[in-house]
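Chain nomenclature is as follows: A, B, C and D, assigned in order of appearance, with residue numbering initiated at 1 for each chain independently.
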Amino acid sequence: MGEKIKVGVIGAGRIGKIHASNIIKNFPDVEVKAIADICADNIREWAVGLGISTVYDDYKKIIEDPEITAVIICSSTNTHSQITIEAAQAGKHIFCEKPIDYDVDRIHAALAAVKKAGVKFQVGFNRRFDHNFKKVKELIQSGEIGDVQIVKVVSRDPAPPPIEYVKVSGGMFLDMTIHDFDMVRYLTGSEVTEVYANAGVLVDQAIGEAGDVDTALISLKLKNGAIGMIDNCRKAVYGYDQRVEVLGTKGAISVGNDTPTTVVVSTEDAVVNDKPKYFFLERYMESFEAEMKDFFYSIAHDTETVVSGIDGLKPVLIGIAAQKSYKEGKPIRLEE
Amino acid sequence: MGEKIKVGVIGAGRIGKIHASNIIKNFPDVEVKAIADICADNIREWAVGLGISTVYDDYKKIIEDPEITAVIICSSTNTHSQITIEAAQAGKHIFCEKPIDYDVDRIHAALAAVKKAGVKFQVGFNRRFDHNFKKVKELIQSGEIGDVQIVKVVSRDPAPPPIEYVKVSGGMFLDMTIHDFDMVRYLTGSEVTEVYANAGVLVDQAIGEAGDVDTALISLKLKNGAIGMIDNCRKAVYGYDQRVEVLGTKGAISVGNDTPTTVVVSTEDAVVNDKPKYFFLERYMESFEAEMKDFFYSIAHDTETVVSGIDGLKPVLIGIAAQKSYKEGKPIRLEE
Amino acid sequence: MGEKIKVGVIGAGRIGKIHASNIIKNFPDVEVKAIADICADNIREWAVGLGISTVYDDYKKIIEDPEITAVIICSSTNTHSQITIEAAQAGKHIFCEKPIDYDVDRIHAALAAVKKAGVKFQVGFNRRFDHNFKKVKELIQSGEIGDVQIVKVVSRDPAPPPIEYVKVSGGMFLDMTIHDFDMVRYLTGSEVTEVYANAGVLVDQAIGEAGDVDTALISLKLKNGAIGMIDNCRKAVYGYDQRVEVLGTKGAISVGNDTPTTVVVSTEDAVVNDKPKYFFLERYMESFEAEMKDFFYSIAHDTETVVSGIDGLKPVLIGIAAQKSYKEGKPIRLEE
Amino acid sequence: MGEKIKVGVIGAGRIGKIHASNIIKNFPDVEVKAIADICADNIREWAVGLGISTVYDDYKKIIEDPEITAVIICSSTNTHSQITIEAAQAGKHIFCEKPIDYDVDRIHAALAAVKKAGVKFQVGFNRRFDHNFKKVKELIQSGEIGDVQIVKVVSRDPAPPPIEYVKVSGGMFLDMTIHDFDMVRYLTGSEVTEVYANAGVLVDQAIGEAGDVDTALISLKLKNGAIGMIDNCRKAVYGYDQRVEVLGTKGAISVGNDTPTTVVVSTEDAVVNDKPKYFFLERYMESFEAEMKDFFYSIAHDTETVVSGIDGLKPVLIGIAAQKSYKEGKPIRLEE
């Protein structure tokens, strides 16, 4: 085993904490050398408890540390592209939470900086690393169901985020559906060429007043001829609903929800099963570790990252097209 | 118990035979007095075996028989509206297989004749009588899941019909999806206001050459604000796939496929469940009897039929809009 | 097709009515010429409604009718063996509801009469004709799971019968488990050599006071070396629980309960599935028709009945052994 | 937070390694100060990789280390009781893998030493900490299904252990079923009063020649009146089968197998689900961590361990009774 990879974590909100903790627990060959957060004081105790002694309030300190060879960008979305550029210029490998940016030009600038620097760059589309969806991908790739004809994603949250969050979220298509756009690209290995968003405000009128939608069925055309559909809702009272179905010429694949247990209770009233795991933290916890593993592997073995810069860009382009489709009430073609 | 209802069955193809046989077996208060088919000789032995002694090659004989008070129209689609008009004029109650016609004007003419005559008229949307879908309807009506937000129908055939049939079928949207348009109306109790058809030829190029599609995801807007999606394919190699999902403000309902058995076989290779029941005859057999029961009930008790003339008209209008949407590549609004 | 088979139904309780009605509906080549019941007056209207004009209060009238070639014995259990003897002596084919008798000597006498007369004899173990269990049998026979090692039957009623019935039922092992003993023999094609009954009164103390048990786990040894277990309870509040599991050297088969629908309702509280079909009438209705079909087939084609006299005898012997095992608290071997 | 708990791990076979690794990863307040294994050289590299610098070949070094306050005994079964005694005398808290011993007197001696020393003692019945079974226990305790009437455990291995292992295993009832005896006690909170073992050699004749059985249905009577059944097989070709069913006066609970994914593949041939997770390492990994958590909690908070010395003794007594039952062919009562 060579030297440890030294990383700096930028942003210690919920997901930043998860990544930092996962690295410390599960990657003996990686060291979290420093963590930066604009509210450094709030996280100091947590960091020390984990064994991270260096806590900055300015991420530039991490960029400037020559011993740190990789950064995990978990700060607020509007800072992703800028920090990516600075980290790339400093020659650091980059794991960047999704989305890279809501602004396409800024994404291009970030990707250009990454390209120029020749550093590894991975976007945090963690669902690609989920046990269920990974298996679907493998089955499709193995030819098990022939050529893909229809791909369908159900992705519903248990409850809408606070309205303050909705207002700055970039809209449901960029905030929530972006994962599903990535899933469609990941599973089919093809590009979306057209998008039509059938959507509405059916959960909370306040979301509509904030200029957003909360429920959508998004119709997709793919380059390989297949057609697709994404089903989103900000509120599914029974829990976090994360499913996929794929129909191919030789068969179909479906993925149901994960549940906390397999317990079934039968009484005079009903036969009751577990609800889905509550939300993304419970549901996707293992994938957060798996994506890190992959990131560090690509650094250690100098391989391509599994989720590239283009993979970060494309879903944003589709999301913007979906917004336009909804506004104009017609399908929108994506440019080549 | 009063006198028997005497019926005449017009058209003794597959579905005509099923209706005739069901009536004889299950409705002691109904008598199949005569059956008519343009190939009368071919069905005589079958008819006599069932105890139907009168077999005509001209359906007009049935229309002219004053003892016959109800007709079951199972002849080819292009004759439905004409026979409906004649039967109505002769004062007979009418059960008419779907669709009433592919021509909207002819449907209007048929419905006008029915209205004028004041006879009962029921269209053969048998899936409304299916145990699964009926339960979904009841649950929605009872308020179990609150207001409907999303309704989704999966309806895939195990194999495409002969290409000769495809050519005269009226197209997939009118031949196959028509059932699903009815299902959406039935379950939601609301009307479709806009339709967008994302479709393609992914199963068999010959279907495309015949001017039809074989795979589609059809996006719907409903008057009550809900949105919907229908998933169709002419070929699902694993069998007849008939499912529904509804999301509401208080919960969700889903319906899976019926299977021949509940047997699960676990071996070194796999854990194997039954495939869905093979096709519509196996899957919906019980519903064919249930719709007849309802038809005779409405005659005997002078009540409204459950599937009215309007219910026959609307899915045709939606289907035509879907065709237009596919051709023009944009959503089509339905007129009020 | 030759002449119709003319049958007489003896006993018009619940199951007698089902058989009579099934024959009339589904077997055009069979005629129910007469029906006999000790309360003839009570059933006359029902019989006439079905088209059976001859209703006797004395079953001997049926035995004496030379035109009747087969009888369906559905009278109370204590009359089965005597009527079987008389019917056999009159040369009639016999379908006899289970059990033939609680008294082994009387069963032997009945079977001897049947043998001497050379008539067809079928016992009403209808579950052999159930779609689920038949499929299990076929899979075992086809070698799909190799040699059978373990066979397990779950058979629980939704609610105990009236205590008056319990008192004359012959005890749970002969009244209820008898079907499960038959199922074990049917599925494995092997004979039970030893039985150990672990049982108790856990549902209703009144059942214990009547000298019976209401809950049991019955351990079995089979001639082919396999071992088995039957799980019975007089009261499963969630409904009629009818399952089977078989483990073999190459795999396992399991059968779950049939449900009225495949509807799943997900709310904030729970994910709810249908309970099992309520009781044996709903659950096994189709098997009552299937066993009749088989009986008439064996008459028409002079073949062996699928459920023979020995199949009627053996479960009674096992049931008696189970009673003894429970009383003596030890395994009981069955004599060859 | 106070000082770290310093532990010594005794025995670094498969399970010892899992415990050591789990502690290091997941319990920042616990330190693995040393590890002992008779083949110390073989594990040194592994230990150092984990950050454990002290590796002994003699467990007594751990016993003698005054800084070590707790030991994790994972050595071979025949050493458990002796090491327990020595560790207790040295005042160390003890986590001991199951079984404590196959000899009842030696178990008593070990438990006496534990009691005298007043140290914590927990036996490694990890399944009590499994997400599924824990939920079952909670539901029973909450009264959800009323009084327990029937409890059934299915516990089948994917493949038999090497015959050399079988010979020294103590026999299937003590090696494998012991977990299931514990499960019955855990779920019901009641004691087994009688056991009847219906068993055989149906998997591999060599197992029979070694004096053991490989397939069993074990019937149980419980102090609270409930009855139970354990279903064991050394070889279920479809994988590790770990299920439980409980019937109570107000309902039933069942637990199915965990699977790697929820993927379902439907093709022309079959509808295929995942097989169960392959074996106990995959299936129960999370429970090994959970039991450690509980052990350290009981040390830190001076509470009773969840799996006590009596819980270690009782399953051995039941296993010995099962062996006797099998040998003598009759039910065996357990003494109070």
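Operating definition for what follows: contacts are C-beta pairs under 8 Å (C-beta built on N, C-alpha and C of every residue); 3 or more make two chains touch, one makes a residue touch a chain.
Everything quoted here is computed from the prediction, not taken from an experiment.
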Higher-contact pair (C-beta pairs counted), A-C versus B-C: B-C
Chain of greatest Cα-centre distance to subunit C: A
Subunit B and subunit C, separation of their C-alpha mean positions in angstrom: 39
Computed distance of Cα centres, subunit C from subunit A, in Å: 58
For subunit B, residues contacting two or more additional chains: 236-238, 250-252, 266-268
Partner subunit D, residues of subunit C touching it in the complex: 147, 149-150, 152, 156, 196, 198-200, 202-203, 215-217, 219-221, 225-229, 231, 233, 235-238, 241, 247, 249-252, 329-331
For the subunit B and subunit D complex, residues of the former touching the latter: 236-239, 266-268, 270-275
Of subunit D, residues touching subunit A in the complex: 25-26, 28, 49-51, 131-132, 135-136, 139, 144-145, 250-258, 260-268
